[in-house]
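Below is one structure. I have some questions about it.
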Amino acid sequence: MSVWVQLAYLIAAILFILALKGLSSPKNARNGNLLGALGALVATVAVFFSGIGTNNLPVILIAIAVGSVVGIIASRRVKMTAMPQLVALFNGVGGGAAALISVIEFLHGGGESIPALIATVFTVVIGAISFSGSIITFLKLQELMTSRPVVIPAGRWVTILVAVLTVVAAVWLVISPMTWLLIVLLVLALFFGVLFVLPVGGADVPIVISLLNAFTGLSVAASGYVLDNVLLIVAGTLVGASGTVLTSLMAKAMGRPLTSTLFGAFSAKAVTAAGSGEDRPVRSAGPNDVAIMLGFASKVILVPGYGLAVAQAQSTLRELADLLTERGVTVDYAIHPVAGRMPGHMNVLLAEASVPYEQLKEMDEINPEFSSTDVVLVVGANDVVNPAARSDKSAPIYGMPILDVDAAHQVVFLKRSMRPGFAGIENELLFDPKTTLLFGDAKDSLTKVVAALKTT
Amino acid sequence: MSVWVQLAYLIAAILFILALKGLSSPKNARNGNLLGALGALVATVAVFFSGIGTNNLPVILIAIAVGSVVGIIASRRVKMTAMPQLVALFNGVGGGAAALISVIEFLHGGGESIPALIATVFTVVIGAISFSGSIITFLKLQELMTSRPVVIPAGRWVTILVAVLTVVAAVWLVISPMTWLLIVLLVLALFFGVLFVLPVGGADVPIVISLLNAFTGLSVAASGYVLDNVLLIVAGTLVGASGTVLTSLMAKAMGRPLTSTLFGAFSAKAVTAAGSGEDRPVRSAGPNDVAIMLGFASKVILVPGYGLAVAQAQSTLRELADLLTERGVTVDYAIHPVAGRMPGHMNVLLAEASVPYEQLKEMDEINPEFSSTDVVLVVGANDVVNPAARSDKSAPIYGMPILDVDAAHQVVFLKRSMRPGFAGIENELLFDPKTTLLFGDAKDSLTKVVAALKTT
Amino acid sequence: MSPEIGLLTIFILSIFVGFEVVSKVSTVLHTPLMSGANAIHGIVLIGGIIVTAQSESVGVTILGVIAILLGAINLVGGFVVTDRMLEMFKPRAKTPAKEDSR
Amino acid sequence: MSPEIGLLTIFILSIFVGFEVVSKVSTVLHTPLMSGANAIHGIVLIGGIIVTAQSESVGVTILGVIAILLGAINLVGGFVVTDRMLEMFKPRAKTPAKEDSR
C-alpha cells in the first residue's frame, strides 16, 4: 500500500477524532459531524488507490451508490421523532457489514495466524449480535412489536445457555476452522442478540442502542486487524471507547445503573406499579381557571415532558408561550436532561416548533428560579419533577437530579390521568395543596387554555 | 527486541497516560504521580532486557544510582518556596540528556536516513534550548541573577539573528553532516535558549518553565524516533502536548496572551509603572484599630497574596484566624487562582502553616460571599483584588476574573507602601472610603494585630 | 517495534482518545453524539470494498456487495441523519463560555 | 502498514491523548502537573542507557554517562518533588463531585 494512501487513512483518522471532539461541544457539533463525513470521503477515495484488485469494480461502485442513496433518503424522509430507531437500524447494518467482511475473510482462509483468526471470530460474533439486537430495538421503537419488556419463560436461563453455546462455538471455531461451524456460530450470535434486547423496556432502548453502537465499533476495529487496516482499527476503537463512555453517561443521566437497564429489572417494576391508582383527593380545574392563573402571573415556567411528545402539542405550547409573553408575562422553558424518551428529546421537539433557543433553560440554570415563579405549567412530565427523587430512597429514580418545581408558588399539571410516568412511581406533588390538575390530552388541554386566554 | 520488553514499554506508556490523567484531578493527583513513577520503573528495568550491548554496564548502573540519589536529595532538601526553580532545573537536565543522546547518535552516524537525521538535529536544537533556557530561569528564580527582564541593547534583533543562524546551521547539518557544524549548532542553540529567557520578567517564569517543559517533551519524542523506541515517542509527545495545553492554560489564568509574556512586553511595562506613586488621600490605621474591626466582626474573609509569601507570614495569619474563630467570628480564606507567583502558591503556603483545606475557598465559591462579609483582610495581595480588571480596558489585567473584595462592608489592606503589585497598576480600591490601610511588612503587622486582639 | 505491538499501541491510544474526547459531553448532545459515532463506524465500508475487490468467486462477491451496501447505508445515512438532528440544536453562546471559565 | 506510518500514527494519537487528558485541570494543580509531566520526560534516561550500552569509545561513553546522570536526576527528582508538592494538596471531596454533576 502506498505511503500516500496510508497518509490519507491517517488524515481520515484525525478527522474522525476531531469529529467526536466537535460532537461533544454544543458549539462545534455540526461542524464536527461534517469533519467526520469529510474523513469518510477521504478514506473511501483512498481505498481505491490502495492497490486492491480491480475485480468487480463496477458492482462495487454501484453498491456504494445504492447504499448511499438509500441512506440519504432514509435519513431525509424520517420524522424527527423516529430518529432513534433509524440510528438503531444504521448501527445494525454496520455491525452486519463487519460480520460479513469477517465471514468472507474466513472463507478466504483469513485465519492463517491465530490472533487473526480470533479477531475474525470476534467480529462475526459481535457484529452479528449488534445486527440482530439493533433490528429488535428498531422494531420496538417503530412499534412494529411491543415496546414492553418481553419476558420469555425462563428467559434468563435461555439467554445464558445461548451465551455459553456461542462462546463454546467461537472457541471451537478458533481451534478448528470449519465453515459449517461458522454458520452455527453466526446463528447463535444472531439469536443471542435478539434475546439480549427482548427483555429491555422500550424506553430504555436508547441506552441499549448506545451499547450496541460501541459493540459495532469494536467489531469494526477487530475487522481492521484482520484486514491489517489501521484506519478501521482506529475508527472502530474510537467508537467502541466513546460509545462505552456515552452508554454509561446516558445510564447515569437517568439515574440508575446500567445493569438494571439491561436486565429489564427497572422496566419490569414500572409495569407492575403502573396500575396503582389511589383514591386520594386532588385539586383539578378547567381550562378557564388555568388560563386565568397563567394570564395574571408575572413569571411562568413551562416544563415539557414525554406527554408533550406523545400529544405532539409542541406548537400549541409555543402558541401559549407567545400569548403570555405578549401579555407581559416572563416565560421560560425548563429542560430536564432526560425529559422525554431520548436525550435532547425536548430540545428537538421544541426546536421543531421554532421555540427560540434562548428560552430553553437547562436544569442547573433554571432551578434557582422556581422559588420566585408564580406558576409552573407541567405539560406531560412526571418523573422529572417528582420530589421522591430527593427523599424516597426506595424509589427507582432516587438520586436523580430533578427540576425543583415544588418550590414555585403554584403548579399546574396537564396530564390525562393519575397514572405515573416512566418510572412507575406515585408523584406526591400531584397531591400537594398548591397543585392544580387539568386532565386531558396535552394538545386538547393546551388548545382550550389558549382559547380561554384569548378571551381573558 | 523481545515482545515482552515491548509490552513492558507499552505498559509504561499507559501508566504515564494514567499519571497525567490523575495529576489533572485533585482527588487522584498523588496516586497519578506514583503511577508515573511506577511506569518509569517498569521501563527502566525493561530496557536492560532489551538486548542492548553489555558494554559499560557497571558505569551505567553507577550513573543511574548517582543521578537518582542527587535527584532525591535535591527534591527532599529544597524549601517549598524554591520548588519552581528545582522543577526548572530538572527540566533543563532532561533537555540536556536528550540533546546529548542525539549528539551520540550523530557521532555514531545515526543519520543514515534523512528523517532520522532531521529528528537528530531537532533533538539537539530543542534539547539545548530547553537546557540553557531552564538554567537561566533557575538562576532568576533562585535570585542568583536579577529576576527583572534583562534588556540587551537591540536584544530582539540579536535574538532573531541567532534564531536564523540556528535554523541555517540545522538545515546545513542535515544536508552535510559534519561534527564541527554540530558543535556550532549546539552553541547557537544554547545561546538562543539564553536569549529567549533573558527578557522574561521573574514572575512570568512559571509560564516559561512550562513551555520549556513542552520543548523537552518534544525533543525526547524526537530522540525516541532516532532510537526507534516507541516509549520515548509516546512519553515525549504526551509531555509535549500536555505541556503546550498547560502553558496556554497558565497564561490564560493570568489573563494575558502568551506572546506578551514571552517577549517581556508586560513585564517591561510593569517596571516602568512601578515607580508611580500618587499623592491622593488614603485612610490608614494602626494595629489596634484593625484588631477591633476584626474582633467585633461576625464574618471575616482573609485574602492572601504574594506579599504573604514574601513576608513568610503564613503561620501568623493562621494564628490570627484561629484567634478570630475562637471568638466566634466566621473566617474563610479566599484563594485566587493566580495569587502569588506560581499556580497553587497560596495553597502550598497555607498548607505549610497547616491551615485546614476546607477553609480555603476558591474564587468561584467565595465571590458571592463578599457582599455579606463585614471585613476583608487583604494580606499582601493587590492585582487579584484590583477592580480595574473589571472596568479599565487599558489595564494589563483587564478581563482577569478577580475576587470581589469591593463588595464587602470594609476592606483592610496589609502592605508596606502604596506601590502597585506585579502588574504595575494603581489599585483604586486602596483609595475607596471603605478601605483601611495598615502599612508595614505583613508579618510585623499581623504579629501586632494578633497581640492587640489578645488584649481586646 | 514489531508490527503487532505497533497495532496494539495504536489500539490502546485510540481507546484513551475515545474515552477522553467524549467524556465532557453535555446531556443534550448524547443522541447526536451517539448518532455521529454510529456513522463513523460505517467506515467499515472500506473493508467491504477491499474484500470485494479481491473476490474471485460469485458467492463471496455477493456477500461483499451486501457488506458494501450495508456499510454505505450506515456511513452516509449516519452522517446525514446526525446533521439533521444537529440542525435543531442551534449553538448557544453561553454553554461554551461557562466551560472556559472552569 | 509501513513502520514509519505506524510511528506517525502513534505520534498523532499521543498528541490527542496529551491534549485531552490535561485539558480539564484546575488552576490549583498547574504546578504539580507541570512538575509531573516534567518527571515523565525524564524517561529519556532509557535512551541514555541504550546508547551508552552500545558505546565502544571512551568519549561517547563519557557523554552517555552524563546523559544517564542528567536523565536520572530529571526522572527520579521529578517524581519525588511532585510527590512533595502534592503532599500539600489534601484531597477535597467537593471539587470532583462538582465535576461529576456536569
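To keep things simple, chains are lettered A, B, C and D as they appear, and every chain counts its residues starting from 1.
Throughout what follows, a contact is a pair of C-beta atoms (placed from the backbone, for glycine too) under 8 Å apart; a residue touches a chain by one contact, two chains touch by 3 or more.
Treat the numbers as computed from the prediction; the structure is a model and nothing was measured.
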item	value
B-C or A-C, whichever has more C-beta pairs in contact	A-C
Most remote chain, CA-based centroid, reference being subunit D	A
Rounded Å distance between subunit A and subunit D, as computed from the means of their C-alpha atoms	40
Euclidean distance of C-alpha centroids - subunit B vs subunit D, Å	16
Where subunit B touches two or more other chains, by residue	17, 230, 234
Subunit C: positions in contact with at least two other chains	1, 4, 6-7, 9-10, 13-14, 16-17, 21, 24, 26
In contact (per the touch rule at the top): chain pairs	A-C, A-D, B-C, B-D, C-D
List of subunit B residues in touch with subunit C within their complex	1, 3, 6-7, 10, 13-14, 17, 228, 230, 234, 364, 401
Residues of subunit D that touch subunit B when the two form their complex	4, 7, 10-11, 14-19, 21-56, 60-61, 63-92, 95-96, 99
Partner subunit D, residues of subunit C touching it in the complex	1, 3, 6-7, 9-10, 13-14, 16-17, 20-21, 24, 26, 102
Of subunit C, residues touching subunit B in the complex	1-2, 4-6, 8-9, 12-13, 16, 101
Interfacial residue positions of subunit A with respect to subunit C in the complex	12, 16-17, 19-21, 23-27, 29-30, 32-34, 36-37, 39-40, 43-44, 47-48, 50, 52-57, 59-60, 63-64, 66-68, 70-72, 74-76, 78, 80, 83-84, 86-87, 90-91, 93-94, 96-98, 100-101, 103-105, 107-108, 115, 206, 209-210, 213, 216-217, 220-221, 223-225, 227, 229-246, 249-250, 253, 335, 337-338, 342-345, 347-348, 351-352, 357-358, 362
